[in-house]
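Once you scroll down, you'll see the structures, which are given as structure tokens.
Next come two complexes, and both contain subunit A; in the first it sits with subunit B, in the second with subunit C.
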Partner chain A sequence: MTLIQREASPLQDEGIWKAWILICLAESDRIGAAPLSATQLHVTLYLANTLAALFSINRVRGRVLKRGVFPFYPDVQREIDRLAFSSVLEIEHVDFGARGHMNAHYALGSGGAAIHRSLLAHSPEAMRTAKLFRELISACFGRFLSTNSAIGPIDANYGSNFVLEGEVVDFSEWTDENKNLEVARYLIDRLRAMRPHADRDGVRLYCDYLDKALATAE
Partner chain B sequence: MSQSSGRFGGALDAVVEQVAESAASSISVADACTLESFLDGWSRTLTEHARYLRCNGASLQAPIVVAYVEEVGEFARQHPTWERRAMLGASYRDTFTGILAVGTASVGGYVYPQRLPETQAIETELSVAGLLGAPTVALMSETKLLIWPDGVNGDRNFFERDLNDGPIVIDLDAIDRVLQRFYEDRARQNTKWWKNASLRTTIERPEAAVQDELWLFLAGAFSEVARIRKEDVSGNGRSDITVLPFRGISQDQSAVLELKTLRDVRTPTKNPDATPAKISQQENIEWACSGVQQTAAYRDHEKLDGAFLCLYDFCAGNPTVVEGVVAPHAQKYNVLSRRYWITASHEEHRQDRYPLD
Partner chain C sequence: MANKQSPLQLTLGAEWCYWKYSWSVEKLGGSPFVARVQKINTKLVLLRVARTAGSFRLINFPVLDRVSIQNFALYVGKPESLGLDHSFQPGVNIVVGINGLGKTTLLNILLRSLTGPFDIPGGEELGEKKRRLVPADRLWFRRRVPDDAVNATVTVWFHIGERFFEVKRSLANLDILSLSIDQQPWQAARANELETIYQQQVFQAASLSSFDDFVFLLRYVVFFLEDRRSLVWDASAQGDILGILFGEQSANRRHYVELFNELLSKDSEYRNMLAVVNKRKKAYAKQTSTIEGGQLEMMIKQLETRREDVGALVVRKEELTRQRDSLRDQIENRKQDIHDQRAEVAAELNSFYKSFFPQVHDAARYLLSHFEAETGCLVCGSHSDEAIGRVKAKLVMNTCPVCESPIEHADRPAHDPHTGEAIERRREAIIEMEVYLASMLAPLAETEDAYADTVAELVAATAEVSQLEHQLEAMGQSLPSAIERRQNLREHLDAFQSALNQLEVESNQLTQDFRGLAAAIDTEVQAVAALIEASFARFISGFLAEDCSIKYTPRQSRIGQRSATESFPFPHFVPALTSGVHRTSATVREYGQSVSESQKEFVDLAFRMALLEVSAPDAPTMLILETPEASLDSVFVPRAADLLRRFAAREGGASGTRLIATSNVNREQMIPALFGAYPDERFHEQVVDEAVQPSPPRVPIAERERHVLDLLTIAAPTRALERFREPYEQERDRALYPERFADDTP
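So, the complex of A and B:
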């Protein structure tokens, strides 16, 4: 299936999104980073999509609506909540904000761990995806994502001023616009003398960049 | 929202360059959440914390202990009084004194709810939490770091790292000296790598055991100035250990280490009572010589400064034949070949070191 066909297939995307959400929460649980707030979860899913190629994984979606200071997928939120209401995930607590805004914090639910194990046992792609999330969560949490999810302004894709608020950030590879990946690959090349691993160090270096850029922007 | 579009879309060019200039020391030694990654990360954090204390003329008031568990979430469910600390270890300036923590990554984890003043209380809580067999890193004072690779009650002895502010030299001579020290301190023994010393059968995967232990030893010696990695992919193979300095000092030298074990017999795997099959001297020679080719190829492929062939010799009688055959090949390809004899008994050790002519 080509990328275009897959992006046009919402049913399959739902399944893949659910798998990614589950893997993300399971890896967060393993590291001790769970529960994740909805914001943290969306940012992690977005970063995983932009850096998936480093782990030879097909990203689920190469687009996100630019609205606010962090990437958010409204349709994926529906899948997250479906998983929570079917006990695959659980909502550990909810922060209520101003004007009816709320931010739920998700953890692995009673049914989630077994599904996650089964998923990994039967799919090499799921194993690679788990590895990607493990690197990503290790690199983000304990650093910027514990305290600041507002990566939008300094993220290479999302922060580009060629994309205006309310427009779609498109980092699909055929348009050669995945700037996050370009930053990761540039840093890998610059550190070639240290023989970096293109996959794991690519993820870590991009997160290093986000961490420092957020500190600079504050 | 403040936005920019430089070379890389919205990324801040100056910060990208800053990362490129400073990130050499953070290049990974292993995948996230592996034991190697955990030990490397926490050893560095605690070493930096110790240096920070020394710089400020402070002393560590109580040990800092961090244990590795594979599933931190599961541990937290079983120990609900332990507190989540998402940013633990993110800064070496934190107040760590008296902390007992568990983690799987180099940052974040769960901590015991009270600070513990001394080792007896720590041991008690490690025992209560079922962590006596968990790999553990501990900063005991502002000058001493200990690592228990199998837990404080594990089979292997702890590794001790003296922390001081003296210069660390890393070149081929220094690596050679550390290899010799490893042999004297850790490898020349007659228990842990033998399955049945009297039959000269080793444990099933002796090279892997030597590699694990040597990696820890080298990391202890050099991790402040170099990345020590196991099983790095190189060309069509994997190098056993690589030493890659990151300071950018011209005197620093990198190296690849190929480890080979020489044995008299193969260890029976399916039937432990079976008679061990003999390994001929010729087989050992061929095995050792293949190591010369491997390590030279890895060095040249990765453009490293030096290549070591480390032969850990479990054969009876401390035979020098293999060494003699390997030497000209090693010389031809500029490989530093070293043989370390592993004694099978105290008597062997004494006869070797204190001969009566």
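So, the complex of A and C:
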């Protein structure tokens, strides 16, 4: 493999991805959920993409390959590692996860906190993103994601029977088939009668659904 | 009279007898010319026999017996008997007068007495007019006299076959005042009812199928007046008259006329409808070609085209979407494969590093393992093969990849993945997958470009469609009636086209029915054609020195003015005659303009006489002529008079035939010639073919007065008559009684 060939497929939206990874781990750190394993990190990033619209944020990527029991972005993994070896993040330890692969656990690095603060100070979008991750991590961790990252069969998008193993789950705005968001909005509507400000609870409601559904599946 | 055999069968029978007869004449060695005349006479005799036997239809012509005109200022009468009252005699009857005494009026009174206030369709030719009567000018006689003819009446006594009629009409309006048939008066509250009874009785007595046919016969055969219309050169009229005379009568004739008129109506309706359809088509075309119509049409076409484009683009987009998604799926899968393979390699390398560098932190081993698994350098981000090679070489040489110092426990046994075949296979598999992945990037890019182009086109086309729809909508609002008007025009056009098709179907049905009847009439006339030709030849020889003949040539003609319709055979005789420039052979004169006026007149008269003779060979007929001498020269006056006299003096069943002719008092010698009292016998012998056709005996002097209706004594005198009464009366007497003036003859 030549250098040219390798560089032919750079990660799209690399900067946004890095920002999201940093914010995710910073919010995890704040809540005390860090470090996050690579698997947890990918699941969190996936959920954030599916539910971004609830916080008026543009998703980074609306597609993910359906392969295995949890969503994973292989091209993003390298950027996570790059952040880890550039002191933005740090690898606290490495264990062996699914199929015996090395599974690094990431925490906020020495340089990460400052960058995070700078991001939030200058970008309302970053503020909203931080809020999304805060909601998401607090809704997932200490619950299903602490013990079980295999949300694949339960997740509305990833687990759709209309998408076969090896096909891409597409929940971009062009296809308008973001079932996670539909579930969240359905739950919001159901809840609206009891709670006037149910809109902001969409993330939590969807994660509650995942938590309960996973528990039921086990 | 019931027909037991068809006219054709009977005529063929008569023909057979004729041929048998002619064979015997030739065998006896008779003179050819005499034999020819005798043959013709024999044929007529045979036909007469067939008719007398009751197996051939017989048409009865009206024969006037008496006329009485009262209270009509034009005919004041004599002191002892006012008005005009005259009995017509069998044979020649002459109405003697001078200019202005009412000869023409008298003949018209005779005509209207029989036809009533009806006449044949006007115009020079019958042509494509419907075969039905039209109203005649009821006030024609009223205008001739100062008192409006308020009390004027005409009474005519005439017979048709065995039926005797007495009809009294008002000359003020032609209404029937009284009607007696066979001396039985008919009573009716209204003149119209009497008229209807009269008409019914007349056409039945004449063995015709309608009163219309009766009037047609009077106008075209019996009356030969100044305003006569040609029969020989009016093909339509000739066809009709031949059909009336020789075609099968009753229901068939009525059906024939109905179909003929119906076909004419359909033709007219069709042409009118076609005109409407064409007008609508023009309006429709104009509407669509107007600014708004054309623009509308253009925009609708553009819209349809663009909609088709959008449809094609949507299909193309879907196809590209499938291709793109398929490639993306494959690429994503290959990426995952590569990642998994590297993760496998990294996991194996990790155990190796752990054995060599047990004190190294997990993160460092993670870094080294992934470096060597060709993920690249996670510190600097380099993918360089050279860098990877350098680190690999240090490890192979048992030196530290960071500071290149010898490894402390290099001799310690460790699992060295570098020597394993499994890891090499994985590396090869990774390379293979990366190559494959790279090979898909270009097609993906192309597909994505094509997709982007297609989507752009689709967006543009959709936008254009949307724009056109808006424009159309706006146009529809600004010209609300444009589309509706066009739609209405289209609907009207379709409705008229449908009606036109219906007319075509109806016409075809009528044509089918008419075809059979036309062919039958043609056959029937053809059966007697030879007789008519022969009879005509005999009569015309009395009027013209040129060789003249007629030949039966059925005319194929269409009914109506449309060209794309079927033509039918109509009975038709075509005349041919020699002339000063065509001496050797007779040339066909199909058109009236190709002969002189006098020739035309006599050809027509001879044709009528032939028709009368052939159609009523054994029954009295009548011929009414107006000044026959007008077009004749000195030689042909005695010839023509002789011929007319022979016609009037027919014998046998035909005795009682009347010839009524008007003549001016002059020295043309027509009056004495008609009585057979030609003053110059020597000249008469020179010019008349007595050897061929013996003349009937002359009318005795004592009887002549009864054969003359003398308007000099009856009519209101003109200035000329008042002034020159004596010379006029002398001339009259000279004409009536030439024998008394024999000494004066030059």
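Observations on the structure shown:
The rule is short, and it goes like this: the second predicted complex is superposed on the first by the 197 of 218 C-alpha atoms of A that agree within 3 Å, B and C clash if a C-alpha of one lies under 4 Å from a C-alpha of the other, contacts with A are read in each partner's own complex, and residues count from 1 in each chain.
The rule is simple: contacts are C-beta pairs under 8 Å (C-beta built on N, C-alpha and C of every residue); 3 or more make two chains touch, one makes a residue touch a chain.
From a predicted model like this one, the values you see are computed outputs, not experimental measurements.
When the shared chain is aligned, subunit B comes close enough to touch A:G142, but subunit C does not. In the overlay built on the shared chain, the residue A:Q77 is in contact with subunit C alone; subunit B does not reach it.
By the touch criterion defined above, A:R128 lies against neither subunit B nor subunit C after alignment on the C-alpha atoms of chain A.
Judged by the touch definition given at the top, the superposed model places A:R185 against neither subunit B nor subunit C. Judged by the touch definition given at the top, the superposed model places A:E167 against subunit C, while subunit B stays out of reach. Looking at the shared chain after the overlay, A:G100 reaches subunit C, while subunit B stays out of its contact range.
Counting the residues of subunit A that each partner touches, subunit B and subunit C differ, and the larger count belongs to B.
Judged by the document's definition of touching, no subunit A residue lies at the interface with subunit B and also at the interface with subunit C.
Residues 28-34, 69, 107-108, 131, 134-135, 137-139, 141-143, 146-147, 152-162, 165, 177, 179, 182-183, 186-187, 190-191, 193-197, 200-201, 204-205, 208-209, 212-213, 216-217 of subunit A are the ones that touch subunit B when the two sit in their complex.
Remark: subunit C residues 325, 328-329, 332-333, 335-336, 338-340, 343-344, 346-347, 350, 362-363, 365-367, 369-370, 374-376, 378-379, 381, 383-385, 430-431, 434-435, 437-438, 441 touch subunit A in the complex.
Contacts from subunit B toward subunit A in the complex involve residues 1-5, 8-12, 14-16, 18-20, 23-24, 26-28, 31-33, 70-76, 84, 86-90, 102-110, 227, 232, 242, 244, 246, 302. On the subunit A side of its complex with subunit C, the touching residues are 1-3, 5-9, 63, 65, 67, 72, 74-75, 77-78, 81-82, 84-86, 90-91, 93-94, 96, 99-102, 104, 166-168, 170.
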